[in-house]
Structure formats: structure tokens, C-alpha cells
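Both complexes below contain chain A, partnered by chain B and then by chain C.
Let's look at the complex of A and B:
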């Protein structure tokens, strides 16, 4: 659905989504990296379980929530991707009790 | 805009105030078949019903007035039936739960003070007894694993619970039409004039004649009471609240200042300020509340706050409710309290039938009359 602009630059960065390896570029937000990799849904809502994906890309809609390095409910569009990030799709509500264990 | 049917200008019972207190009473009256009109200022009102903490709370209430402890306990006992009736009528589950509640203490001194307070409460003559426990850190931790090392201990009462109070408010309003209750928003009341056979109520919207009038206007009762011979000394008491993002359930019990809602958000409410009609959220208060909450449950430190707000409790000088009837103008009643959620079941199932019958019996309700504020300071 998305293609990078030909003039887009940046160093390659590696990350995983649900354990599978992907690559993107420095300067990408987590949400942009997911979209560029062809991933359109990143979570299931806590209420109905409906699929959701990055939407506003500017921090207001909270649709792009993902778990990053074990911490849930991160706004993917506001967090710059970094090398080796472990990103997970989030199914339902953030499980805070498991995070801190 | 023209209403489909012209609003009647006569009613059996006018309830002034459409918040939780007025709505619960109107619902109770409507179920009994009375013609009820609710005159509500609307959502521009200081709406404690939309800003409250949503506990159905028993422990810690009634020191200085044991009858209030009994009244509160009675409401907790009526809550399951009340919630079931609302569910049946509206299809809305207000999510009443009674898992028992904690008050957490962050030092040995706080725990001692808590133990003393519960002993003084329960040692009062005429106190209605109910079970409670004082727990040390280890036992509190066993029952609530998320507590932090700073928690010295707690008090626990199995009668405590909580509810989705926004859904409660909605359910009551949704049931109005079923009971033929005439709900009129944007109906601020300017004057109430006693007549030979009832009351005339006047606002910018027009006038309404009512056989009985029930003041359930929260802080507005202070102004309205004297018009019908009632003294209602209530003042605003500001409470500030934090709510976090929704998280998977991790708090199995409500704490008096922290609870996880049925939808997953965590509410933190731990303040009381006497600042008049002031609803500004202030950082010093919010940050103190957050700091104490994180000491109680360290896991909260990782949650995002999504909103803060403040609301005004409807508070009497002694903190107890007022239920009163006018001696000079029979048929005029007042019901006001700062626990419109906890006491909603009583208001619907006990207060409403008494108003319908025409009187709060002196033996049970004399203690709640505002006459208690008239006693000279020195005898």
C-alpha cells in the first residue's frame, strides 16, 4: 500500500515484529516502518477485538499502539525506530502486571 | 424547536435536579406509578454525577453518626437488587461489583490510625456491626499482589464495592421514559412558591405546578431550600481525579483512592479541598496523588495518564447527608449527600417510597434532619 519516496534516505535498521525479522530506515517512526513493510494492522482493540492500524501518524488517534521491547500501549507513530527493536502486535488491553514482573 | 406534545404544567411530584440523587428518587417514584417531572439544569450543572469516583463504599463511614453507617450498609445491601432492576429495564449492566475494598496505609503510623478509627467507629453505641479486618503487609500482599513494599498494611471490608457510575447515570435516565417520567433538561429553577395545595415552580422556561417538590439539586439546594422552609447548609468540596489508559485487569479490589474500572482504566482520587466553586485541576495535588498511588502500586508508574479532572462534592459541615421535610410547607422534601453512588439504591428503593407516602419517619430519619445544625454551640 505504501512505497518509499525515491529521494528518501537513511541507514538500514533491523527490527522484529512478533519475532519475524524486518528492516527499515533510520528516521522512520515505528508506525512508518510497519507501514513501509506492508503491515497494515498492529493491534486488536480491547473492547471488540477489531483490527486496527496506524492512522493519524501524529500522535492523536492512538490506533497505532504496539508493544515495544516488552512495554505495551506505545504509540508507534511517536517513537523513532532503533536498531534491534522488538515490536509486538498488541492483542487487547495492555497487560501491565506481566510487564513489570 | 417545538415539542411534539406540549409539556404539561402540572405534575404530582417535581424532582428538582437530574443528577444521581434526583434521578434515583425519580426512578423510584416513577416505578410506584406516580406522575413525576424532573427539572434538570442539564450538563452545564456542577455535575458530581459525571465526575465522581464510583465507589459503593461502607467502611470508614459513620464516625460521629452511627445511623449513617447503618444507612450506608443498607444501601450496599440493596445495591444488587437495584442493579438487577436497572439491567432488566434498560439492558444496561452498570457493572456493580462487591469484591470487598481496601484502605491502604503507607506507614505504621497510618496503619495504627486506621485501626483506631475503625475501633472508634465500631465502638459507638447504636453502631450497626459489619465485618472488617486490619491486615499486615504480608496478608494484604497475598490478597492484592500488586502492592508495593511501602504498604504497611490495610483495612479490608467485604461490603465495599464499585460500579460504572456513568452507566448508572445513563441507565436511570434511559428508564425515565419507561416509567412515564417527564425529564426536562435546561430547566434551571429560579423560584419555588408554596401554594395552598402544592407548589409553583418558576424558571426562564415557564412554570410548573406540583403537589410535592423534592429538592435534589446538589449544591443548588442551599439556595432553593429556604423557599420552601428548608435549611440546607451544603458547600462544595473539591476532589481531583486522574485516570490512566486502559490496562488488562490487575486490581482485583477497589481501594478507597484507587480503582480499576470495568473497562480497564485506573482511577486515582485522593484529594479534598475547600475552595468554593473551583474546578481547576492543579499539578501539586495531582502529583501528590500520583506519587502516593505509585507507592501503593508500583506498576502504576508505567501507565500513561489520559485525563485529569475535578468535581465538587456536595458537603455538609459534618459530612453526613441531609434528608428533611418542610415543617412549614408539607410536601417539600430535600435529599442531599456526597455519596450519590453508594446511596443510590437507598434513594431509589427507600427514600422514594417514603416521599410518596408523604413523610420521612422521625424515628429513623430525624437524625438526618438539618435541625442538627441548629443546636447552639454552647448549652
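Let's look at the complex of A and C:
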């Protein structure tokens, strides 16, 4: 979907998505890091389970919601990627049992 | 030289400021510099990592400094950002503003902010909202599929990360910005399969009376250069009248009508854009009156000559006050700051007016030709009011056009009642992606003008905050005792 300009600068940063290792660059938002890694779907909706991915990249559509370091519903496009981030996709509505456990 | 102090935790905030500015795009940056120059204590709150807003995104930390593909107009943001960062203001980046209200005690306003996972209430005597614009909703079948994005979103990736659209890319929609983005992507080496132009040919008639002013405006030269460049370097298809994104779980192709015939193009990335509209969520939630703009087809806040809204002490500058572009935004930010400095007694009326006069003259010059663009690029009705019943209108709550029309048939009269029936506008985006569509759909179904239908009534928090953020608000001992057993 996207490729990096050869002249683009930035330090490599490692992160995991659902436990799998990936890398992107400093300066990337979490949503940009996912798209740069070829990941276009980051969640399934709570209403119907339909797949969604980053859409506006500026904080207004809330499609890029992901869990970051254990905190859910973060706007991936507004959060700068940092080294070692644990990113998780969100699948459907959250179950109460998971919260208690 | 003094310089802006970065605020990275709530503890670094002062309890109160003369002026709080929400947004660090061209309007917010210019307002901050002007206000600091008049001796006001200024706090700038912005949700992005660095200054610039959307138009000058990542201007201070570009991954490819000087990149020609972004054009000279983008790099004009660099001196504006440098001036802002040199001004003696408090600047809180990466900060969410979730409420704005008249202070419960004393005078002025109270702003709910969240920084680094903790919330605070900040007091400000004056407020300037510089929340900018967002891309107009583009409700067509399949617009929720992964692989479909806004064209502005792809531009953000280019500016902030040096990422270029790759694979088979199709751009679709209308407006001057669509051609600018196409030119930038091509210059950055993207392979654009086609640009599907949905500008209705009937717009010519409406725009024609405004042509003379346009011909005398700075827009003309830029516009012609762009059209020449894009037409030469990519396949532009005009008169496209219907668009749908198709694919199973992700985008595979785009289907459209041209001259009455249906065509399909396989594609990996579909970038949609049909103009920008003011981002009015915060001003709406703060109770600022707004009116329907018949030409720009959106709600704009009601403002006086100093951009002060119907809520005293709250001014709105930049594209959030009505779309006029980045250079006008900076000028409007300057004027709003002059107005605030006057209301706070830092300027008398004579000083205010003489300071503002050259700025107003420049603003008038920048505005020439805008009416032509607004009329010419009015998006087609079927791309604003989806004719197909199964098209999703509210992306968050997955409410379709058919459900909305059925609710109107059952007697729902406006967007607020629609919320109770269908939850549309009640998801995390708080109506940012569906509000205009819902208003226009109800207006059309009821045969009334949108101004009589009104907008969604928004309420704080205008952006979601966590319970732990709320719980981090400082509490008085009495308040704690009141709930502890």
C-alpha cells in the first residue's frame, strides 16, 4: 500500500503486533507504522465484526483504534511509535470477563 | 531570544492563562505569536506531536527536509513554525482537549485537557479555537473497507513518514486539494492508475459569475500549473458520477459510472476526497452558535469582525471558522489574537484597529477567487446523500442510508432525535464522519433546507478519555469525603 521514500530519514524502531515482530521508523505514528508494514486491517468493529483500517490519519475517524501497551481504544494515528511498543488489534466488542480476569 | 516552553505533564501547567489556543496549525501558531507580543500569558494545546496542523504537518521534523514533491507552499510553514516556537508561550503537544465551558467560579473559561494520561482543568480568560478542517464525508458503498483512505490521510503519511502510495492507486472525488495531492504523489514517485473526477459539469454555470474575481486571484496561476502537471502525468477521467469500493474484507477494485457506462478498475489503494469542512466539534459542544453555509455546504460558527463567537471570550480562527486555506488561516489567527488582546485591555481600540488594518487588507486579497472555487467544486449530491439504501453513513455505529430514511419516514425530525433512534453520531468519532450527511439526508427527505434541520448537538467530552484520566483530576478534600464511606 505504501513504500518509503529512499531519502526518508528516521531510526528503525521495533514493535510487536499481536505478538509478531515488526519494525518501522522514528517519526511514524502507530497507524503509519502498521500501514508501512503492509498491515491494512487493525480491528473488527464491535457492531458487526467488519474489518477496518486507518482511514483519516488525523484523529477524526477513530478507525485506527488499537490496544497499545495494554491500553485499549488508542488512536493509532495520533500516537508516535516508540521502541518495543506492544500493539494489539481489537476484535469486536470487549467481553466483561476479560476485564475481570 | 525567548522560546516556547514545552508542557509534557499536567504539573507543568499554570493554573490560569490570559489566553488558551486550541490547535497549533497556521491559525493557532499565528495567534500565539501575536498574543505573546502583546504581553498575554498564552497556552497552546494541540493533539499532534509537533506544530503545523494538517497543512504543515511534521514541518519541524520532516523525514525528508526540503522534499520538492511537497511544493513550496508546504515549506512556507517552516518560518511560521519557527516564529511560533520562538514565542514566549506554553505549548502542550500530544494533548487532548475534551471540554470547554464557562468557568463555574469567577470569570473566563475552563478547559478540560489530558496530557500524558492525566487530566486537568485549566482556566483561561480568553480562548481561541483553531481546530482547523477535516475532509468532508464521502459516503459511498464500500468506503469502510481496509484499503480505502482519505487522500489527505495519504498526504499525512508522505509529510510525516516519507511514505508514498504504492501498488495500484486510484484517487477519486473533487476539489482543488485533490489535484494538489495527486501532483504531490506523482512527484514523489507514486504510480497512480487514474484520477476519477466527480466534479458535476453543471457546476460551471453556478461558478461562472465568480470567474472574474478568480482570474484576478493568486489561485489562478497555482491552479493552472497544477492542472497542467496532473493532466500531463496521469490519467484523469472526468464526469464520473458514481463510485463504489468493492472487495471481500479488503479493497480489490473500484467501480464507477462515466457517461452512463459502468467501469471497474482493480486497485490496492483508493484515496477519496471531496473537499474539506470546518472541524466544529469543540465549538459546537461549547455552545457557539453556527449557521449552514449554502455555498460550502457545511456548518460554520457565527462570528463577529474579531472572530468572536456567540460565547463571549471564545473566538474561532482558521479553517474551523469557514474554509479559506492556510494563508488566510494565519491572518485570521492574528486578527483573533488582536481582538483577544483588546478585550483583555492590552490594546486600546485605536491600537487594535491600526494593528489589524494591514492584516485585514491582506486577508481580503487572499479571499479573492475563493467563491469561484467554492461553487465550482461543490461536491455532487449523490456523493453527499447516498442514493443506495445499504451504504453506511455512520461508520462507528454502522447505520445505513436506508435506516436513516426509514427513521425520517417514521417521523424523526432532526439529527438529535436520530441519535435516540439509531445511535448514529454516538460512536467514538462523535459525528465527525456522519454529521453533515445526516443533516443533509433529513433535509432532503423532509423537503426543508439544512439550516432548519440543524446539526448534532455535541457534548463534552468531545474526545474519549479514560476513567483513569478522569480520576486523575485534582480533587478537594471535601469532594473526596463526600463519596468515601
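By definition in this document, the second predicted complex is superposed on the first by the 92 of 101 C-alpha atoms of A that agree within 3 Å, B and C clash if a C-alpha of one lies under 4 Å from a C-alpha of the other, contacts with A are read in each partner's own complex, and residues count from 1 in each chain.
Operating definition for what follows: contacts are C-beta pairs under 8 Å (C-beta built on N, C-alpha and C of every residue); 3 or more make two chains touch, one makes a residue touch a chain.
Remember, it's a predicted structure, so these values are computed and weren't measured experimentally.
When the shared chain is aligned, chain B comes close enough to touch A:94, but chain C does not. By the touch criterion defined above, A:84 reaches neither chain B nor chain C.
Of the two partner chains placed by the overlay, only chain C lies in contact with A:59; chain B stays clear of it. Note on chain A: of its two partners chain C and chain B, the one contacting more of its residues is C. After overlaying the two complexes on the shared chain, residue contacts for A:73 are found with chain B and with chain C alike. Once the two complexes are overlaid on the shared chain, A:1 sits against chain C while remaining clear of chain B. Of the two partner chains, chain C is the only one touched by A:25; chain B is not.
Shared contact residues of chain A with chain B and chain C: 47, 71, 73.
Across the complex, chain A meets chain B through its residues 46-47, 71-73, 92-97, 99-100. Of all residues in chain B, those touching chain A in their complex are 146, 245-248, 250, 263-264, 298-299, 302-304. Against chain C, the residues of chain A that register as touching in their complex are 1-5, 7-10, 25, 27-29, 32, 35-36, 40-41, 45, 47-48, 50-63, 65, 71, 73, 77-78, 80.
Of all the residues in chain C, the ones that touch chain A in their complex are 47-49, 54, 58, 61, 63-64, 67, 94, 134-135, 144-150, 152-154, 156-157, 160-167, 188-189, 249-250, 268-269, 279, 395-398, 427-429, 432-433, 464, 466.
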